[in-house]
Amino acid sequence: MSNRLFVKGNEAVCMGAIAAGCRHYFGYPITPQNEIPEFMSRELPGAGGVFLQAESEVAAINMVLGASAAGARVMTSSSGPGISLKAEGISFMAGSELPAVIVNMMRGGPGLGGIDASQADYFQAVKGCGHGGYRLIVLAPYSVQELYDLAMTAFDLADRYLLPVMILGDAMIGQMKESLIPRSYDPPTDLPEKSWAVTGKQGRAQGNTVKSLYLADGALEAHNWKLHGRYQQIQQQQVRCETLGLEDAELLITAFGSAARIAKTAVEMARQSGLKVGMIRPITLFPFPEKIYRQATERCRRILCVELNNGQMVEDVRLSVDRQAEVRFYGRPGGTGSMPTPEELFKQLQKHYKD
Amino acid sequence: MAESVTTVFERPRSLKPVVSHFCAGCHHGTIHRLVADALDQLGLQDQTIGIASVGCSVLLYEYFDIDVVEAPHGRAPAVATGVKRVHPHSTVFTYQGDGDLAAIGTAEIIHAANRGEQITVIFVNNTTYGMTGGQMAPTTLPQQVTTTTPFGRQIETDGNPIRMAELLALLDGTSYSARVSVDGPKRVAQAARAVQKAFEIQKNRGGFAFVEVLAACPTNWGLSVIEANERVSQEMMSYFPLGTYKDLTVSATGA
Amino acid sequence: MSEDVFMAGFGGQGILLIGNLLGQAAVIADLNASFFPAYGPEKRGGAAMCSVIVSDREIASPVVGQPSTGLLLNQQALDKYYPQLRSGGLCIYNSSLGNARSCQRDDVRLLAVPANEIATEIGNVKLANMVMLGALLACKPMVAMDKVKEALEIIIPERNKRFVPANREALDRGYALGSKRVPL
């Protein structure tokens, strides 16, 4: 008997978070991620943790800010409209160098949009949803297992680089159930101590200050160069990406998250029908796997980017290949009945393979 | 000779020996001191975490010798909630101005109070946005001229000044709500007692404690220090009466 | 082995429950499974549907454009999804709430299951979903029946545990019917 479970994506991300030592969650209901606060409200008290349903997304992210400043591993979750509200707090956390994990189970937009799967928040996640020019590490799980595994990774990355990490899922992987093998958490031994956390001075000579305001001459610039250096480090050290069939591919398909799941079946169909199709699936959206695209285009000159939106990641793909390959796009913006099928993507592959 | 010298007045240990950026006649300095005195007297300095808000009070960490988190505008009660839930045995207070607490942060303060968060809130009401240059605040008095009410605050179009001490007293989660002022020695002494009480309540895990302090802003009011100090009692107190609006510690002991 | 099933009916017929149950049973049998529910405003009272894939390999897309098997519990579902089934596929439909007059494809096998009648005989019309799942398992032995029964203990909420025996019986009745009439 294996320890294989059958779990909903929204619950898997919570299980991974709790396994990684997250004991504080602050959030606000919004579809399609409600199983996350529901799971946390059920499980955290028994684990000696705190669940609090905030009065708003704005309050929730600021409770996260406070808990993070106090040194805790803390998480919040939402979907597009709620992430917009959290943007203020996320910017403050980025400026204050505070770690946290933020889950966005994307739904269609703009505005209230719809509650079905979409990848329309790529720009919001990857380009910094709030003000001031910062970066988040953005992880894009494409399965229930990855939601679990990457939740653990997210906490480690947040604590290592002192910034909020976003797990960018969507209604599909949040709502679907799959096999899950819950691995035990193996904490890295080289994470920096949280000596900056506020605890009360407790005999320290100096009080700790967690802040994002820099008014002295040159202080803000120096702070931004420091953050920039950290982002560069992240780009060098933390790229995660899955590739398939790059050796002989004549056409590459690229997609992340849910779209990549569907694309993977389309690639199998293409291979079975004799088409040499390969695939690049970024798992980190920031840092973006630029080099992998560039290397792949040394032999394959055509990439089809597939997204559940009208074209967002495709811009980063184009920047990455730097005109060395032809980048085409196929997308379906989210909404009820708008999920592309593997058969549909297979047809696209056939079409773009030929001309 | 030395043993005959008695110290009767000194800088509170919870304040740093630095010069503040506050304008002449501004009451923030006095209120900072009252908070620091309370922390000293209750022996809380080493376990206290202050939450700075956005406005003139943002530089709390430059003056208080304690741990401080700087909150986004209006969100200090939510940040305080996060801190307190991680360190339930610490002392957590927010220090917020009127724009911060009573306009952009209305939801956060009401819900923190309503949850009965075990925090202390010091609310400085000077009827204007000091840091940004004297715009209308939610507490700006009727007819008061500010940089965004150049013809005086019009109730019909700009709404009414909001009375937070009374409003928060209505919530079941609030244990203590009082309004004090620091415009004269006697009132400073009264304010000191209220601030101290608000920290005692937290120390005894007695619930949410709120102290509104009426304060002068001579710079943005366009008044001299003396005139500004006088305005607090002459104009503000009729709209914002001093008093204790709720005190569960009293009813709990039957006193 | 890789099997995909598309299940559809009214909200309230327990479509998501049997989809969930099949996936859970597959996982107990150490197989991979995906369960992808339609999640929409039409959740209650309206249409309910889900895709379930059971496989001994890694499952890529949980979305299926042309399902190989349809388990369709009312007329609406039959009308809408029968035409989408893959050539060579199987359609099991609830003949208590739908007729196959319009189902004229010769490349899709058809099995009628009077699920509501059988469920009523057992004592509760709400068991029609289990009758249907039983029939499916007879035609497509993707997971052993004992694993499905084991999964019932996990999937049926605590407050409804007393209905587990009736659910088992409904599964058996559907299975028996499916075994007798495996469509050619």
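In order of appearance the chains are A, B and C, and numbering begins at 1 in each one.
Note that in this section a contact is a pair of C-beta atoms (placed from the backbone, for glycine too) under 8 Å apart; a residue touches a chain by one contact, two chains touch by 3 or more.
Predicted model, so just to flag it, every value in this text is computed and none were measured.
Distances from each chain's CA mean to the overall CA mean are smallest for chain A. Chains A-B form the pair joined by the most contacting C-beta pairs.
Centre-to-centre spacing of subunit A and subunit C amounts to 34 Å, using the average Cα coordinate of each chain. Here the spacing of subunit B and subunit C, counted between their Cα centres, is 63 Å.
As a whole-number value, the distance joining the C-alpha centres of subunit A and subunit B reads 40 Å. Of all the residues in subunit B, the ones that touch subunit A in their complex are 45-49, 51-52, 58, 61, 64-72, 75, 78-87, 90-91, 107-108, 110-111. Put simply, subunit A touches subunit C in their complex at residues 1-2, 4-6, 32, 115-116, 171-172, 175-179, 261-266, 268, 336, 339-344. Residues of subunit C that touch subunit A in their complex: 20, 23-24, 26-27, 30-37, 39-41, 59-66, 154.
Those residues of subunit A lying in contact with subunit B across their complex are 24, 26, 50, 52, 54-56, 58-60, 62-72, 74, 88-89, 92, 96, 198-203, 207-213.
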